[in-house]
Amino acid sequence: MRALVLCGALAAAFAAASAHAQIDISGEWAGKYHEDFDDRVPGDVQGDFTGVPMNDAARRFAESWDVTRVNLLEHQCQPYNVAHIFRGPMQFRIWAEKDPATQSIIAYREYLGTYQQYRTIWMDNRPHPPEYVPHTNMGFSTGEWHGDILTVTTTHIKKEFYRRSGIPSSDRTTLVEHYIRHGNLLSHVMIITDPVYLTEPYLNSEEFVLMDRGNQNWLYNCEYVMEVPMDKNKVPYYLPGMNPFIEDYAKKFGLPFEAVFGGAPTMYPEYQPKLEQLMKRR
Amino acid sequence: MRANWKVVLPTVLLALAAAFAARAHHSFTATYFEDRTITIEGKLLQFMFRNPHSFVHVEAPGDDGQMHRWAVEWGGAGALAGQGVTNQTLRAGDVVKITGNPGRDAADYRIRMQYLRRDSDGFEWGKKPGESFQ
Amino acid sequence: MTRVAPQSAPRPRRAAAARRAVTGLAIASLLAASGARAQSGSPFDGTSPERVSYSASDKDARSGMDRAERTVDGVETYHVQGNVYMLIGAGANVAVQVGADGVLVVDTGGGAKRAAVLAAIRRLSSGPIRWIVNTSAEADHTGGNETISQAGQTVNGNPAAIIAHENALARMTDANRPITELPLNTFFEPSRDFYFNGEAVFLYHPQNAHTDGDVFVYFRGSDVLVSGDLFTTTQYPVIRADQGGGVDGLVAGLNQMLDIAVPKYLQEGGTYVIPGHGRVCDEAELLDYRDMVVIVRDRIRNLAAQGMTLQQVLATRPALDYDGRYDSPRGAWTSAMFVEAIYRDAGKTTSGKQRAAAK
Amino acid sequence: MSAHRRFGRRVALASCAAVLTGLGVQASAQPRPPANAPASPKAGAPIDLTGYWVSVVSEDWRHRMATARKGDYESLPLNANGRRTADAWNLDADSAAGAQCKAFGVGGLIRQPGRLHVTWADDDTLRVDFDAGTQTRLLEFASTAQPSGEKTWQGFSRAQWLRPPQAGGGPARAQIGNNTGPIAPGGGGRGQRGGPELSPALAEGGSLKVVTTNFRAGYLRKNGVPYSESASITEYYHRLPDAPNGDVYLDVVTIVEDPEYLNEPLYTSTMFKREANGAKWSPTPCRTAPPPAGPQAAARPAEPLPR
């Protein structure tokens, strides 16, 4: 009996030792939300700007942002763009398009359940298109493997937001993603550069787990209606300094608005003593 | 308008329904005063059973005494379907009483649905004013 | 703008766009919208995994030309949609509609590249150039008028007819432009339409927008808008007060284009817009631009109403959130010039119709 | 031992050998280190993690840069016991009890804003110093290293390099989509008929897996959200391909499984940026700044996944 136990232990160890070789990223993946849940899923009060290296232009845009703008006919069905959509409630499917002659992977395809978005990640070294072609929510993506890390570079992305709190992204955003699989866990890292609204790269990382029993939550349709009666040409906004809700998040969690709105300097350890001093003064 | 202002704790159930029905359309918490409720009663003009969120338009008086077209935001079609609501649950002309969170801009005359009752057949949805699931 | 939800019928004038929008609600249409457009004529058109083409190429799906073949002396051709192409690199963008009836050209670029523009048109079609439309009197939109017109021919044997709003003709006449460059087929009413190459072509005149002689064009069958300088992706809108331009008219024109544009799926695809300068866009980008102009205009008017001088207004950087995208400090139209144009426009009276449309 | 039992034991051992042989065959089909694999984990490291790394706090900011109010356990899949324990947090009591380092233990330290200094203590031990709380972790590659009996804040960490498949061992799997085994460029055995030219990039890099045990109970977050001694903590260290602007990033994925306090495994990923030197290295004692004044937060608990 002891021999069988020993055998089981050895077998388990053997299996574990050889389990790391998996690099097929195909499958259906569901997001975990163990970081920034309130911002990523239900949404919190207005004014969460924490951890985003926003510049003064982004601050001005956010100051003017009125959440009711998303009720406009033309805005209400606008999807998250590719640099943002992985931060929302999300499940997605990845599969490979292979050349039947060589079995080379020409492209990875992604279907993102949120807003029913499709992506193509070209693996055949084709160049990115010229600037003058239309930009899309999912942009134009090319990928390459670095060992077991799939690195994807995306350009031609439409303007959207980094946060629903009104931190804008521009159509000059470049997204670099890294896909890393360990067993049934897929780590997804996003490094976002945006010369229009960010002072330095904005880093996000999310975890996805392989869906073991599927899910019907794949469809999303949006029908345009006049949700809230208003002049169809109205553009809801706040004049600078007139947004009554911009400090709601800071007030709710007892944080100094200066820190919440502070951008890149507040994202590094050396800011902690200053933050503690600011909080003492409150 | 018969408005009874009171503090109501956000409920986990409705927050959850909102969360996954919303699919990132916007943040309810940023759009409505979730710590306040308001009640209106009037004739249903339009029921938009759709995504990203359903809307009910009701003709009811505002606090200025004038009749207004109130926009009441409800769950997404998928989330409501899971709760037994269909596109035929409400019809134009129904007289309904609705309690919910008022929009942050009073001029929008909008409400986040928390409770709906149709006296004609006793149909109810959500939690009664003051009721909490916590 | 009119949206097509199952419970609402489109207005007749927009029936064609409405049908496309309904179709666009299908996932297959979504794929075409989100996949094909950013891939520069890629054979993998993204319409479905089963229709993958495995060769990497930037051949244009319609013309079959690769990028080098689509480039003449720095002027590049891009197939936008349907019968409509965009020529880039000749100054202002040039739109070319080709078909059985011949060629229609919207704007002709600056004079320096007129030969290249003609050569690029000829690579698209050997048919007769029948019509030229000028979206304004601007030299970088009309510099090739003579070359393109003379290379063309109307059905009665004259050089290709140049159409513009009558105010544009007046501006060009005042500028002593040669008669061979002048748009002699003018109109003064709010819109003009005709049928060419199998589709209706609408010319709209927004009053007092970029200038007082603007026209934007809508190809209804191809579902392509050509905005002229009411909309660009390279700079703030140029408002020429000295030529009858005004910010309220500009906003009204942008709103009018938004009324026409219909996205295919979730604010993507559907109606495409060729801007006066810059890249091809759809309604979502036109919308952001409209929002920007309204927000900046209202900030400046609010400051002006408080009695601030122009210098005081400029010091507040009222367009700060958009300067990183649209300011061109070394260009011909800077953020400060845009702010000044709106500031000086603040007291201008506009027609009630324009005020209503510009709200 | 009876003949019957001896026979049974022989059968068992024979079966075991067969199973292990089978596994061995299967394992041999998995990519192996190259034939000239260096002898030591240090010399054979597939990625260089040494140097100074600074945390970039772009996620969970209010929980990491600041100390959130008691009861604010946003995002965490706490069970009732976990919430009850977090609700009972008392910073002053921790200080009085000399337990200031509970928020700097292995379960929460990686989330503390700070800098890492990674060096090789010897050929088999990667040393990670944290200036936050002045903590040190030793990541042991040698199978001979064993935990001491005493539980510590950082516990005992067993490290393992995860290498990408090597040339001849199947890097083309990623490129040609065949994940069942290696393939030879231009044709080869195992019934396969060749493949595309292989990119050397397919053999680049790798990652580090660390499993930590034998640690003291501590806090997942500064505001007293607990993890227990019986938790299982697994980490993956990913040095990401250099960014176009030359930045080098480290992504540390942490999986905490703790049935005592969590409903499901807790997944976090923490980003660091490489620094040229230790100029900003600033060791600090275990200390947690007080949370903001005000009522205990009524934070929404983490919801179940949309699955």
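Read from first to last, the chains carry the letters A, B, C and D; within each, the first residue is number 1.
Throughout what follows, a residue touches a chain if its C-beta (ideal position, glycine included) is under 8 Å from a C-beta of that chain, and two chains touch if they have at least 3 such contacts.
It should be emphasised that the depicted structure is a prediction, and the values quoted were computed from it without experimental measurement.
Colleague: What chains, if any, are shared contacts of chain B and chain C?
Modeller: Both-contact set = A.
Colleague: Ranking chain pairs by contacts, what comes out on top?
Modeller: A-D
Colleague: Please find which chain has its CA centre nearest to the centre of all protein CA atoms in view.
Modeller: A
Colleague: Considering only mean CA positions as chain centres, point out the chain farthest from chain D.
Modeller: C
Colleague: From the mean C-alpha coordinate of chain A to that of chain D, what's the distance rounded to whole Å?
Modeller: Inter-chain centre distance comes to 23 Å.
Colleague: Rounded to the nearest whole Å, what is the centre-to-centre distance of chain A and chain C, using the mean of the C-alpha atoms as each centre?
Modeller: Distance between chain centres, rounded to whole Å: 32 Å.
Colleague: Counting only Cα atoms for the centres, state how far chain B is from chain D in Å.
Modeller: 46
Colleague: In angstrom, rounded to a whole number, how far apart do the mean CA points of chain C and chain D lie?
Modeller: Distance between chain centres: 54 Å.
Colleague: Would you please write down the residue numbers of chain A that are in contact with two or more other chains?
Modeller: 41-42, 77, 89, 115, 217, 221-223, 225
Colleague: Would you give the residues of chain C that are in contact with at least 2 other chains, written as numbers and ranges?
Modeller: Those would be 5.
Colleague: For chain B, jot down the residues that touch at least 2 other chains.
Modeller: 15-16, 19-20, 48, 50
Colleague: List the residues on chain B that touch chain A in their complex, please.
Modeller: Those residues of chain B that touch chain A are 15-16, 18-20, 22-31, 48, 50-53, 55, 57, 69, 71, 73, 78, 103-105, 108-110.
Colleague: Hey, which residues of chain A end up touching chain C in the complex?
Modeller: 55-58, 60-61, 64, 69, 73-75, 77-79, 95, 97, 99-101, 106-107, 109, 115-120, 122, 124-127, 129-140, 156, 158-159, 168, 170-172, 195-197, 221-225, 231-235, 237, 239-240
Colleague: Flag every residue of chain C that touches chain A in the complex, lowest number first.
Modeller: 1, 3-6, 8, 25, 27, 30-31, 33-35, 37-40, 42, 44, 46, 49, 52, 54, 56, 58, 67, 76, 78, 86, 88, 233, 255, 258, 263, 266-268, 272, 278-285, 287-288, 290-291, 294-295, 298-299, 302, 316-317, 320-325, 357-359
Colleague: Under the stated contact criterion, what part of chain A meets chain B in this complex?
Modeller: Going by the criterion above, the answer is residues 41-46, 66-68, 70, 76-77, 80, 88-89, 114-115, 164-165, 217, 219-223, 225, 227-230, 244-245, 248.
Colleague: Any idea which chain A residues touch chain D in the complex?
Modeller: On the chain A side, the touching residues are 1, 3-4, 6-7, 10-11, 14-15, 17-18, 20-24, 30-38, 41-42, 50-53, 89, 91, 96, 98, 102-105, 123, 144-151, 174, 176, 178, 180, 182, 185, 187, 189, 191, 193, 201-207, 209, 211, 213, 215, 217, 253-255, 259, 266-272, 275-276, 279, 282.
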